[in-house]
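Chain IDs A, B, C, D, E and F follow the sequence of writing; residue 1 opens each chain.
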């Protein structure tokens, strides 16, 4: 079989980006691992690594096909053409002149699926059975992630996913697919599994904040692949996406700690790390559609919104342990709505103009529909999946095991022996 | 023989050690401990949630001395550990019935 | 001197890949550093950094020339044309249309030499004199690595290295040069240096498992440069190599812990990290020759094979402390033989068809010859080198120093002061 | 607006490089964080993250314009054309055939500004008010960094920055802008803030050396983007810059520990990490102008020079706590003067020939002028800025707060809860 | 004066501290210790090699009290430390000859 | 009842524990401590600056025993802790007035 011609520069950029995004999941494992108490550090990290391991297999066997194979007709799901990566060798995808090998695209998208499910583990820190988590990954990627990815990412000339091809809402790098999806699913998981022993009573200090900062630094680094790589080409669009990512991430890190400074008196390192993530989340859907100054606004707002949102769990009594809802859910909404307000064709002529640019609320409206539909679907779907797992094989360890800590209980290991 | 136990501020350990050395004491065993007392801990904040760290890091020194040295040595410790601020710590003295040096099996004052 | 024209996209990809592979050695130092006890953490990491420092100098002065300069005639070694990187400025290497600057290639290959020798340090953890290790690096890279790299990597139109140009065995990214070579050499080193004090008696727990996981994550990331970069071009082949790397690494991480779950009752985090490395090792020679489903098989087998193999040292009483033999040696064989069985021209028309694809055992036969020859050469050569060092300057610290720990003894430092 | 055409390969390389350089600041935070005592680890890391956050905002609002907008006439500073990144969307910069999007260049240069100011924090470890540090970042980037970057980097056909366009001194990747600038500024800061409590009296051991090594490893990795990315194209020049970076970094790591071995009896891990940084610093200005063997010499000299220089603070009684002066200041001078001696048109025909190559001291002379002028400007300017901050809002915490440690005092956090 | 030493489960320290506080005790010195006893440790597995961690993490509390308080305070500790399961720990009481508060040089009961 | 306290080299703890076990002792409480004594610490070097680590890591064992067991048990410890080199450590014995097992509230020798 002859290889179809590709654009080498774009391929180089997408391959590099795929490597960067893959790194984000180990980075997340460090970020999450540092946030929990010593006794379940390894379990926390292991949940991310399981997402990589299991997610990869699911993706190549059927996940990619469900998400990106030709639509079955209603814009809801792909067909089984590419099961087992059938038909992806030596073929290409992408706009004319900007083709890349299909496998580069499969790889790049795989890393998105992996990190999205890994993010969810933050909601159920310290208390989930590892075996149940593995089962959850398989089911969730199949029933929730693949369809949502299809909706928002599978552009097939008008007959692909309903969000991108029919509704016409804009989501550059996964504000719906990754962020709102993970935020909503995390809320469902946190509710179904219930609160940790000692929630609101015991001090649950992060056990290793340098790990959190390093994790955040590596996530920041990887996010350039995530966002700028989503241009699928090395050019102007990737450049604007990259600098917007930098700006919003930096701005949110600063606005989070400014908010903390006012509210609690001190800017914290955990705040700077959390703010960075919140900003990167908020700019994820919007990085390819707004100008740098638009990104600055989205970042500043995203940081404060999430800094505020992470306290709600104490008020509303759900134990979203590592704040997936407050950071990814809320940040995702900020980004999607930010597009509706601030998108500008000056940044991307193939994008749109938001309310503040054109005075026209059309785009905003579409953004809200996309965001809320994904949130609702993901919340309900995840709630059902988690409930079924809970009632069958059980999703939570016993109270005693939880007190002892998951590292010895689930993995027969201790994180440190200093 | 007596065992003098002193719970003091970690930043004073260096000075106390020097003072003891000058007073002729060369053996000390030190343990890192958490102290609860009049001196309160501090508050930390993680994503808006306040966490009270209600203990203060202290160092515990244990020193075996001959009966006759107790007053002199406790005075040395008080003098070198004192900063005049709350949390300077406590010293207590207990009787020791026997002391043995492992290496030589010497016993009593000779083993100190 | 005018610069010869190059392919910018391919150059960009190879430069990025070289950076990725260089990162693997600090990553390895973290992986290895976390595996040992606190008292020799720094020494463990230092051995890897010495490999970078010394390896770089050896490589530019004579290593590159021995490996890649024109063959001296028998397919065994390169000549001295490029000593001191003579003749490498502003020249190019690579297929027509896909040329890259020679220095990019020199740099890329240098990172392979560095990590290969760094890997060996795992076999002699906690007990080697640092000075002797430095001497060993120089000698081993010269006498063992450079020839083997020449054999398998120096394609010179039929008159280059014997494995690639005469035998015609396939090794995409270093299953022989890096993996089997390091595994066999590690076994020789472990035997010559002897067992650690307390081997099989004392518990030698890894002192920092989060470091191990982070190291594994960074290695995984860097491995994309290692394997996909070995295509030396940004195109279809790099893409298939990258996704195969991802698939096998993920699959082996999962198959290792599945095996553990059955044998010991628990899936461990050290297992997931070890399995990932084992999978990446197994796919290293094969990533550019098999289909994604082939990579899945190789990964699943590689993980179980290495999980089984790491226990052998307790039975056979050699102290390969960090399991270089069990992971790199065994994984390398799995990958080389995997090519003989599963290689498919559908993945790479310039490759071959394995036994299971074509029914023809020819390729398998060549793979076995290449693998066993390298193993034998490396084992014997390393055994001689290590023995000479032992008998002259001494390779092992005293029993007392070993008990105290190498960090204070060899480096006058302590890893932590928390 | 139509996008101006770009070179995709060069764009891919610059985008990847920008990501690499951004990663250097979190890496630096780890390097610095590991060097201090536990009680101010987070503050140390936070200073770097603040440099990212604040630096990004300053850069896009006015910093980039001051540095790279058209010169105001004297070669001293850029005008306000690009304030708020005005006029940078969809435009290009770069030589013909090698154009990249302006935003890619803005992004790449931003990462340089960030890390330069972050470096300074090493001089004032354990004792600076966080709020004052934030103010300092804004002022310093504006008044010191932006002008110096303009001088040495803003080539505008003869009418740009005076160092590059008038004097004609050579600085490939920032020996003046980043290294000498940070070294001189660090000295001023250390003097103005004064010595730490217990300087020369108390043992101030690094609290986490594995972090230092990992930080050094990531810095090394990122430095390829820093140096080879400065070619702004993926070709011969980037390749020579990359391999020179590798060679000098490796050589200096080795020469530092060789020097230590002789002076103190043991090669240390902190030495290998410090030497690597010193070598990377020394090759930063010279990487694109010397041959690989020239890089080897610069690295060997740079390592020893810095190893010697870091002890001077004890003799001269300034508390440059983490040795920014000894490593970046001294290394920067080694590199700038190294060009004057060893530069060769064989490596870069657009460069020059140094004294040892051509026998002509012309270039050396220019190099010395550039280096000393930047050092003087930076030292004096920073001294004034720091003094003003000290006298107004105060730059240093109280003695009591310093003894307690900045993590609890300034951030209400503890690094570890193991 | 007496020194009450109690080796207890770490997870009970918080409750014990509260109970002691209610009983009028404000000063406590706590040390992290490894306990060997009837309660056994656990097994860990690293690359197939089993490692027995044969101790259990415990907290040691030391409390100086006046002679008359011994019974009352040990009762409080027993009550608040008890979980009814193996490994709940031990309390022991020793005589103290002298107590000194470093800050004020107060001695005896006044120094406690 | 008596409390035997032994400060020993960490690498001997395993052997001592085994020896005590054989001697019928199953309960021990171990603390990581820093010892200052005749055995000196070591020197570390960071960027050319020498740092003296003036303590040596030691383990402190505390063992409650019945009065009659003191001699036998201290002998066991001496025998198993001894390496003949400086820094082998010290053993001391103090009187204990009361011992209580938390779980059962048993007292005295029965609680040991």
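The definition used in the following text is that a residue touches a chain if its C-beta (ideal position, glycine included) is under 8 Å from a C-beta of that chain, and two chains touch if they have at least 3 such contacts.
Values in this document were obtained by computation on a predicted structure and should not be read as measured data.
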item	value
Labels of chains that are neighbours to chain C and to chain F	D, E
Chain pair with more C-beta contacts, B-D versus D-F	D-F
Repeat of interface C-F, chosen from A-B, D-F or B-D - more than half of residue-number contact pairs shared	B-D
Chain copies touching (chain C, chain D) - same or different residues, decided at half shared	different
Approximate Å spacing (C-alpha centroids) for the pair chain A, chain C	33
Averaged-CA centre spacing for the pair chain E and chain C, given as whole angstrom	52
Residues of chain A whose C-beta touches two or more other chains	7-9, 12, 16, 205-206, 208, 214, 264, 266, 268, 270, 412-414, 416, 418
Sequence positions of chain E contacting 2 or more other chains	31, 44-46, 53, 94-95
Chain-chain contacts as defined at top	A-B, A-C, A-D, A-E, B-D, B-E, B-F, C-D, C-E, C-F, D-F, E-F
Chain A - residues contacting chain B, complex	203-206, 260, 263-264, 266, 268, 270-271, 274, 307, 310-311, 314, 323
Residues on chain D engaged by chain C in the complex (per definition of touch)	7-10, 12-13, 16, 20, 37-38, 205-210, 213-214, 216-218, 220-221, 224-225, 228, 233-236, 238-240, 242-243, 246-247, 250-251, 253-254, 264-270, 272-273, 276, 291-293, 296, 346-347, 349, 416, 418
Residues of chain D that touch chain A when the two form their complex	1, 3, 6-9, 11-12, 15-16, 18-19, 22-23, 25-27, 29-30, 33, 41-43, 45-46, 49-50, 52-57, 60, 84-85, 88-90, 100-104, 106-107, 110, 130, 208, 211, 214, 410-418
Complex contact set, residues of chain D against chain B	202, 403, 408, 412-414
Contact set on chain F toward chain C in their complex	11, 42-46, 53
